[in-house]
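Okay, so chain A shows up in both of these, paired with chain B first and chain C after.
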Partner chain A sequence: MRKILLVALTLWSATATAPWAKVKVVASSTDLASIAREVGGALVDVNSIGQGKSNLHFVEMLPSYMLQVSKADLYLKIGLAMDQWADGIIDGSRNDKLTVVDCSKGIDVLEKPSGKVDASMGDVHPDGNPHYWLDPRNGKIIADNILEGLTKVDPGDAATYKANRDAFEARLDQKWQEWSNVASAFKGLPIVSYHSTFVYFAHAFGIDVIGYVEPKPGIEPTASHTAELIDLMKQRQVHVIFREPYYSERAPQAIAKETGAIVYTAPSSVGGTDDAKDYVSLFDTLVGILKQATENRP
Partner chain B sequence: MKAILMAAAAIFLTAAYSYPLTQPDISAIGDFRAYTGNWKNLDGAKTSKNGTLNMSFEELELAVAGYLNPYAKAWVTLSTPGNGLEIEEAYGDIFKGLPLKAELKAGQYLVDFGKLNTFHAHAFPFIERPLVHQALLGPDGFRDQGVNISFLLPLPVYSKLSLNILRGSIFSQGDTLADTLTHRNSQLPIYSGRWNLFLPIGSKGDLDVGLSGLFGRYKGKGAYGTGDAPDGFRNLNAVMGAFDAKYKIRWSDYTSLIVQGEYIINRRDLFTQSFTHVTNGGGFAFFDYTFLKRYDLGAMFDRAPGIFDGNAARFGQSLPDSLNNTSRAVLDNKNYSTDITVFGGFALLEETTLIRLSAQYTSYHISDQSLLANTSLKSKDSELTIMAQLIWSMGPHKPHEF
Partner chain C sequence: MIDLLQQPFVLIGLGISLVMAGIHAYLGFHVVSRGVIFVDLSLAQAAAFGYVVAIFAGFNQHSLAAYIISLCFTMVGALLVSVSRLADERVPHEAFIGIIYAGFAALSILFLAHHAEGMELVQEISNGSLLTATITELITITLLYSGVGAIHYFFRRKFFMISENRAQAAASGINTTVWDFLFYATFGLVVTSSVHLAGVLVVFSILVIPPVIALFFSASKGKRLAIGWSVAVVGAVVGILTSLKLDLPTGPSIMVALILILALSSLLRRFAARVRS
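This part shows the complex of A and B:
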């Protein structure tokens, strides 16, 4: 009996965090995870629940995620009702020492509904469009929020986290200049995307999302909406369709066939395509796609 | 009844006038069905509803859930099966802050005996609850009042041990079909538990396996309410065990496959002239293939002890009471019923509007010759039921649970 108790205690203590261990961070998305790696550097061990090629609106509450979070020190939420599933995972983890950071804090939210929101509008987010990480300037706000969280769980290394955050933001500033220069070639370019994912990206780089493959957020394409969209695209001479990697190619390809547009698989998160390896290369990829689209424009 | 209605009204009025940030989530779920079939009594005679189109608003479920504080949540689910209103679940749950990462809940809830039982029926991919659940756990599943404590085991993979002390309603309440042993009053608590292990299989699949057990003692006066022991009530034992497994593989956000099954074994003590016991069991297995995100197709095989069909009354059947009731089914190790069901669904928008279709082929197998003697019953018979269902859900979207 005593042996069994000893084995149980050993196993139990093995799951506890040793003082020299890395800070364990779990993020709702690969984008937040990527920025956490920048700010945390070698002091953190980061995992992401959402994957780049999966739709962040729909994540199954797997017990394996709860296990991950049960051992974590810090959880990074997307917020703005994007990752409501995260609450179930956090509660299921039973981790009362977990610090939860809502990374949308301080974001200038776009498409905030002004009137009553109901389900007839589709899957509208009542707090506004939640894809805010797709404006690289918001990456700095996210980094600030993550810095606050890391400083809270590991105050001893606050100076290192701050230095990492500063270096990341300086790199983003430098890349912003680079991307802006390239983007000047496609300013005002009209595009269509599958879902209202690229609203912040369009806002940042001055492109014009004139319509969506979905008739309303979260609603599958319908024949009548597709016909209207085709007319609008012809009228506005739209040659670019952005398809997020987790949506079907069927409707975008059918629209492309009618309009002569080209469908580009546009990553909406880190890992969405093979070249979007981290937060910075996510924008390298997106800007690169639009540069190519501009060059391909008839 | 009036008290429950008053409570429901109070919940909704409180929610409506409370500060928006502290309002609980409120949802309403409706379940409408249309069905037809070639229903017969066991002597082969067609029932009055045979071949006709029938419709029923099967159930309205009102669910209220929310945080009580940073450590606890509460759930209330009221439902209207038939013409009544009843509390399906109502419990408080302390999910954080307890020693050893324990979770404690108390109230009335669906007991985690097997995996399927904790899900509300509208979340099943098929329409009807499996026969074996109806026969051994009750027509609405196994729910009871009690206390549940669960622990996450310190293993490298997710593993949970859940223990319940329950009032024992599954063995009492003589006015419901869940009365598995008629005329026997539950006076002692029952104990149940489930241990499960969740294993990621590769990058796309997950497997959840579980073992459940239940032990109960209750006062009995003999089998079938007759043959009372001369010295009064006796303590009779009921032991049940279950094995469950669920495997899900996701190829993309659009395509996935679930393979799931359960087997339940049941052993009941009897007292007639002397103590004896009967052992029986049954199980189900199904697959459900989801494609194009909004469509699914599947099939289920289900085998239950006894000649039991929870829909007999609805289908206008008047099966002999000696055969068609759960009290008989739990003690029947000679006769059995099987279902083969093919089902499919179309979700207009995930978790808000769902249309399901099913074709259910039910067979009865009577091998107890004493039941067949001097009757026109056939030893084997079958029926086909075609059913369509519309489920709507109004309220906050719920995240998916494995």
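This part shows the complex of A and C:
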């Protein structure tokens, strides 16, 4: 009996909210979590459900996800139909006090299909390509959305959040100059990636994604598509293949062997490789890979 | 742990697993007695193929039309299972059940070769998670499974006779193919709903493991059903609690809990046999 009381007491003290408690934020991806840490600073406690090395299209449900969200103040969604699994977690957590922010709000969406989307197009997102965080300029829009959410759940600290946001955006602006300078060395570089992950990244840095290892988004490589891709790569002299960490290396390596290209493991999220520790170093890593690839050029 | 148990998502998950334990341990009794262990996979695949056909025909995956088409294909699967039992057992029934599974799986892949959206849907159909189930789903399956349970209670003599002694049932003038169809049709109805909620592997485990354990300890029908139900309930509850405690996916936790009970039961049975001799 005494033991039960003790356990109950510990649990109560752990869950009771104190005025000095941090704002609890749960994000669908490590990228949103990283930006939330920048904007929230010491006032927030941020967790991410998707991991950097995992495919954000699919998430295996764990009890702790539901529990985290049931206690959270703010949930950050990727949106654009990327993290539909988040709805299951949000609904299941039955947290009436939860504020949900769709971080894709205000983004200039690329590859928005014109006309009707049908299943024959593959796993095309009807709302457009959802990998918008891979343009660092969109990082500022994400930060604005997060600021709005944090201000709503914790209006008392709005000034601090705003100052943090401003500092983060100033840093992004400065890094943008730096990255752009490096990127001028590989402007127009043709590359191939596994999935249509790097469309925003390519748009931002002026590289040319000429094809994908997948014949259509979400569809396993097929023989005829691979053969066509190899021909195209030879014709365009493509020597860089980007493989997202969660896709198999087999098909990219087979293509690399035929074409003489090199396969680079390109993080599509914070934590995707060890170097990509936060939102800024994610781009340091990606730009670094392309710089190295240009130097390696045969 | 205590505050975890007050979470609605945990209570709904527990509720669904208990309702599932109730009907599946019962249906599993028949499935194991009839030696049609993989029939649930075949019927679930038939249902998934129904959704594929619906998408192909241009219906929304969540529409009523898609559900009805899927149900029709479940019935086609049930019909194929019931007519593929050869009277003289030249070919084991399980062989046909496997072929039915493979056929529907292959057709699904061919239909979806250029339709990836559907592939995600098929995954969704077979990879449910107890943790994200809703209260509406709990109420729906409780009503549906009670209905199926009532049909089985009403015709219990025929179902049990066919499961336990097919030759005798046929000799007494029962049309086994017709009754088999009714059995597999109701079974398919339950399995497709459960697979959608809990995933194909959990449904398979909770269907087959409890009746197998029951066979270790008793030959009598009543005792086997009672043991089967107890094992299913204990396995489901222990599995869910372990998944909460250690933060692991719920489905595999339930399966491992059931398999551990199976292993312990097997040891217990050997020990009991040695003591007796």
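To be clear about the criterion, the second predicted complex is superposed on the first by the 283 of 298 C-alpha atoms of A that agree within 3 Å, B and C clash if a C-alpha of one lies under 4 Å from a C-alpha of the other, contacts with A are read in each partner's own complex, and residues count from 1 in each chain.
One rule holds for everything that comes next: a contact is a pair of C-beta atoms (placed from the backbone, for glycine too) under 8 Å apart; a residue touches a chain by one contact, two chains touch by 3 or more.
Computed from a predicted structure; not experimentally measured.
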{"item": "Simultaneous placement of chain C and chain B on chain A, clash or fit", "value": "clash"}
{"item": "Touched partner set for A:55, first chain B, second chain C, both or neither", "value": "first"}
{"item": "Which superposed partner A:91 touches (first chain B, second chain C, both, neither)", "value": "both"}
{"item": "Chain B versus chain C as contact partner of A:177, first or second or both or neither", "value": "neither"}
{"item": "Partner chain in contact with A:63 - chain B first, chain C second, else both or neither", "value": "both"}
{"item": "First, second, both or neither for A:235, with chain B first and chain C second", "value": "neither"}
{"item": "First, second, both or neither for A:218, with chain B first and chain C second", "value": "both"}
{"item": "Candidates 184-192, 220-228, 256-264 or 292-300 of chain B: the single one with C-alpha clashes against chain C", "value": "256-264"}
{"item": "Overlap of chain C and chain B interfaces on chain A (superposed complexes)", "value": "8, 11, 15, 58, 60-64, 66-67, 70, 88, 91-92, 94, 119, 122-123, 218-219"}
{"item": "Chain C-facing residues of chain A, complex", "value": "7-8, 11, 15, 58, 60-67, 70, 88-89, 91-94, 119-120, 122-124, 216-219"}
{"item": "Parts of chain B lying in touch with chain A, wherever the complex brings them together", "value": "71, 73, 95-98, 101-103, 152, 154-155, 157-158, 160, 198, 200, 206, 208, 252-254, 292-294, 349-350, 352, 394, 397, 399-402"}
{"item": "Chain B-facing residues of chain A, complex", "value": "8, 11-12, 14-15, 54-55, 58-64, 66-67, 70, 84-85, 87-88, 91-92, 94-96, 119, 122-123, 218-220, 246, 248"}
{"item": "Touching residues (chain side chain C, partner chain A) in the complex", "value": "1-4, 7-10, 12, 55-56, 114-120, 123, 129, 131-134, 243-244, 247-250"}
